[in-house]
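Letters A, B, C and D mark the chains as written, and numbering starts fresh at 1 in each.
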């Protein structure tokens, strides 16, 4: 447990580093129900340590503010009432300064607490809290891209970007795997989320999976060949989503005077055709695959084959529904609400993205979202 | 192909038999978007044979009415515009008599066409049409139970009922299966839907599955122990559904002066505790299982073990998402829209119900609905 | 009070006469929240006599059905729970036959009760009930035009129509009135609604009011000159209504292959240019007047000048808000809910229409609707 | 025109004075569609002078930012596309600093332009712009009370308050006016809005109007006697509003442990019973009057009698609909959109409030809102 103080400080600092280019106003707004104001992320990740570590375990700890449990709880039903997700953007107070003071207060308390930590369970809980904060780091980048990318002034977040997105080969190059019994799921000594357990056997039919992600040029071909106007490539729900939302291209793509542009954290740019396509929903990913006469890989196929290709640039939609692995058990108490209760009506994504925090990815990592979301850095890889 | 005329006549007649106790007014209304007026079912099943068999294949066939394609198309995007599902209950015309004439006209044309039928593909298409009509027979019973069961007068549909629901043992009796590779999916010479193919191997961990369905008395215990008021048994979506719809019991259960009653096709009755529970959503089924410390079976587990228990009284929710089997291919053309495009955000049900038409069930049959629906004759069986 | 039996029979019969061309199915549907199924009108007008006359005043009267108070109450909050207006079209029962039996039962009871009637207040209440039924007669015609006119088959209600709509001069011919104090409101011995009282003085500035209604040809000019696409003629609410509902012409106007048609009770016809325009909202009426550089008359102007022009073909939108006259008092009890509680956010209409029942119109009659409705037989007359 | 520079500077400075106690975050949020973020008010009032004065009339004027016309337009359809009212709270940029720079830029340009002003029409337009800004000053206070008063932390806006609300006598003291012809409307040399013209005659019946506003103690009696739970005092729309929104007291009243508190700009306080009631909708005002057996005055009654009582503490709901006076004409162009297009479905308020800017009230001033709004400083006075 010796390194935990350093891990704590480094993860907590990264959150602040991400926010460095923001104006105060950018912390406040919530342009869609599924987007949270950055200042809420700052408070919520802090609330985790106050609620689950300091209050129950540090003797003499004095709560920072009696109302913050209400304001910064997210979906933990066990821990009392909470601000409705759609209301977060209506709260001008606590101010950003108030929340930064809250962070500093909790960090100081944690830093004096961690050196003497000896309880294994508590250690695991803190590691969970840091992984939780890393998830919110990625969400925060995702949300602020949404906030700035939906502003008619298209502000630049940072000229530097966070990580450079990398271009991607569009060679037609597939990994082939034979049929048989394989094993998937996490096993080992490091951290994993409960949804990655248990390691278990699956039977796979023979399959091929592309070594490369689908690129912007590929997706442009799909658009130009009428992919968004022919129902036959789409799931029924996907087609209804296209019609209702008048979807014509990935999120952040804008056709200006006949030329395709896309919004990036560095501002509005000419579409870079060689980048892996980003910000597509599961519906779009599946329709693209159908148009190609192929399909998305299952999560088991992806995990088995991932040793043979590069990944980490996009969260990649799989064809798999988000369901418990054999033997999955929820942890008792509020922390048990973490993953299991979302195991219906969502799809699994595998990989990681340019917004993923350093060290926060694994081959067995299971991300998950509803099929209509596309504000994440989501892309796809084909299988057949 | 010699028996097809008899099959045709028998299936078509069964539809009319179901309607026999209805008043004209009962054919017309649509009390919820997912419910269709019985007269629409009468027309739509007829439209199938006119559109896919008679118009393209019978020489000299004269369309009955030029507007009926528009009125009775359901979700076949390939075949032109269609009346929105939520608008069907607004149409007083065509009248029930008009539609019965339409049925008689199409039946006469089909009956003169079938004896000379020689084309295998066409034969398969007609068999598909008859299975399609059987599905609508069950839907029609489901819908008219909804129509009458939501009327404040609680009208009796039939004193006889359609099939007698059977009581169910509540012994604690499980089938146990060992881990290993099993095969599921349809193989053989009779009819199956495209979603049952291909037969393929799956790896199953050891599991146990109950020989008996969960009964009303079991569910009453769940209610009385606070199952509907404690979020910890529920999926996040399920809990939101409970709160928004103020769900407190299965559909058609009414607490009157402290006594539980339920609406049946024979009218409002005292709740029969020994019957298998019916009209529960996936959310409720999963919450019940969690409360019991168990889970729902996967569809593969169900199919493998179903040789060892009785089934057919309820459609049974499984834990499996409705997804394509390995090697699944959509048929070309409008008929290909049948199943594949629903393969997102739905759960698989296995079994059959008291409303299922004679002969219309198989161990490999995959029914599917969104997790929030419960107007079907749905129940559950536990696994662990 | 001697003629009341004859009045009763004649008004009650007229309701049935209107329904004569209907199919059973036409009685059942409710294609919009503000439209009631014809069978509901049949029951509700009967419920009025049962609830307010027979139950409290006829000794030994036995209620026809204990649930009908719930089913057929409309907005009388004093008289218990009621079926939500938007749910009426979901009820297949009571059937049309059930309701006709209910009418016959109540009529028989009323006919044996009326000859011995001596109470003045009760007499007035029954006269109110008959006027109430006449209002529902007009509503019933309005509603069934909506039901049939929104059916893709455009069914003919009656080849005869109810009353022949009359063509209308489009001469530019105005009545001029001098400024001064005038009197409006009802005074006399016959029946009037409470909202017509009291007769009172108003001060009018000099004004001119057209002798003729605006015609279809006038309105076509408005359409062709871009009236529906230029916000400057519209109220802010009206413009939002145009955009949200994509309004491009009066209700029941259809442009088919470049030719204007309109739905009438005799089916879909070529637009008759010489008829007074019908089925326009207040927003459209006011926008038309603004486009003409004129305005709608106030209700006081209309009433003062109505002795000098023909009226009775259309309900005519006025510029006046529906508000109480000086000294207006609600009647005590449920009957007092009749008019006063609607005196906010509605506009006054004056006149009568081709659907108005014989004898059911007066110069002082105040009809009223929200400004966005146009399923009534509404038109307009200009003032300046 | 000599004083216009001083007027300009004083009005513009007042806007900034109001904002002095705000945190940056408070400028950004929009907790309801009818509330605008304070920073939008700052920009919009500036946009008025840039768009209608500087751009068309000051030679060589250089627009501050090409996108600001889009961002800060409100409802002026003539002047191009505009940000949807419900989207204003989603925009983190332009930042508060950006907007303050915009104000400073426009103010400097105006200050160099005003001394040489000679055009009477332009003078009038600038005076209109200043009155427009004063309206937004009041709206800004109203909106920020909503923003802070709906925050669970109930922040203090200012310990000082803006103006001290004054207590109010509850003596039963009425002014009586005889029937006859009176004159209302604006006439004179100062500024008035177009909706106050023309001065014209009205006939009034004899009436009495209270010298005092209804107070919190009066309203508490209404609540305690069941005023919010008995439909008979309410308009039909009002009753639906009460039920749908679960209204139980004026806005900002909170019952905490059996004691009534109310939110003020100085924070959450014990309800001051002697203050005139504030933040009631027209529905509540009318229901209160009905419960008292009285009514609200018409706007003509109010204006005629206002010389005989004190007013200015509350905007007072009248029974009058907001309609044009005889001879009302819209100004040509965008400025003509100011008032006329709202003349449907709104009620007139008379008076002024503690949030009204100095000098911005007149006896003939016509304020107007939809009957369901109550975030304004609205109260009522009884008439009979």
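Here is the rule we use: a residue touches a chain if its C-beta (ideal position, glycine included) is under 8 Å from a C-beta of that chain, and two chains touch if they have at least 3 such contacts.
It should be emphasised that the depicted structure is a prediction, and the values quoted were computed from it without experimental measurement.
Engineer: Quick one: how many steps at least from chain B to chain C, stepping chain to touching chain?
Structural biologist: 1
Engineer: Taking the mean of the C-alpha atoms as each chain's centre, how many Å separate chain A from chain C?
Structural biologist: So the centre of chain A lies 57 Å away from the centre of chain C.
Engineer: In whole angstrom, how far does the Cα centroid of chain A sit from the Cα centroid of chain D?
Structural biologist: Taking the average C-alpha coordinate of chain A and of chain D, the gap between them is 45 Å.
Engineer: From the C-alpha centre of chain C to that of chain D, how far is it in Å?
Structural biologist: 37
Engineer: Could you pull out the residues of chain C that touch at least 2 other chains?
Structural biologist: In chain C, nothing touches at least two other chains.
Engineer: For this structure, give each pair of chains that are touching.
Structural biologist: After working through each pair, the chains in contact turn out to be A-B, A-D, B-C, C-D.
Engineer: So in the complex, which bits of chain A are touching chain B?
Structural biologist: 75, 77-78, 179, 181, 200-203, 205, 231-232, 234-239, 282-283, 286, 295, 319-321, 323-324, 326-327, 337, 341-345, 347, 371
Engineer: Could you please specify the touching residues of chain B with respect to chain C in the complex?
Structural biologist: By the definition above, chain B touches chain C via 23-31, 39, 67, 70-71, 83, 87, 89-96, 147-148, 150-153, 155.
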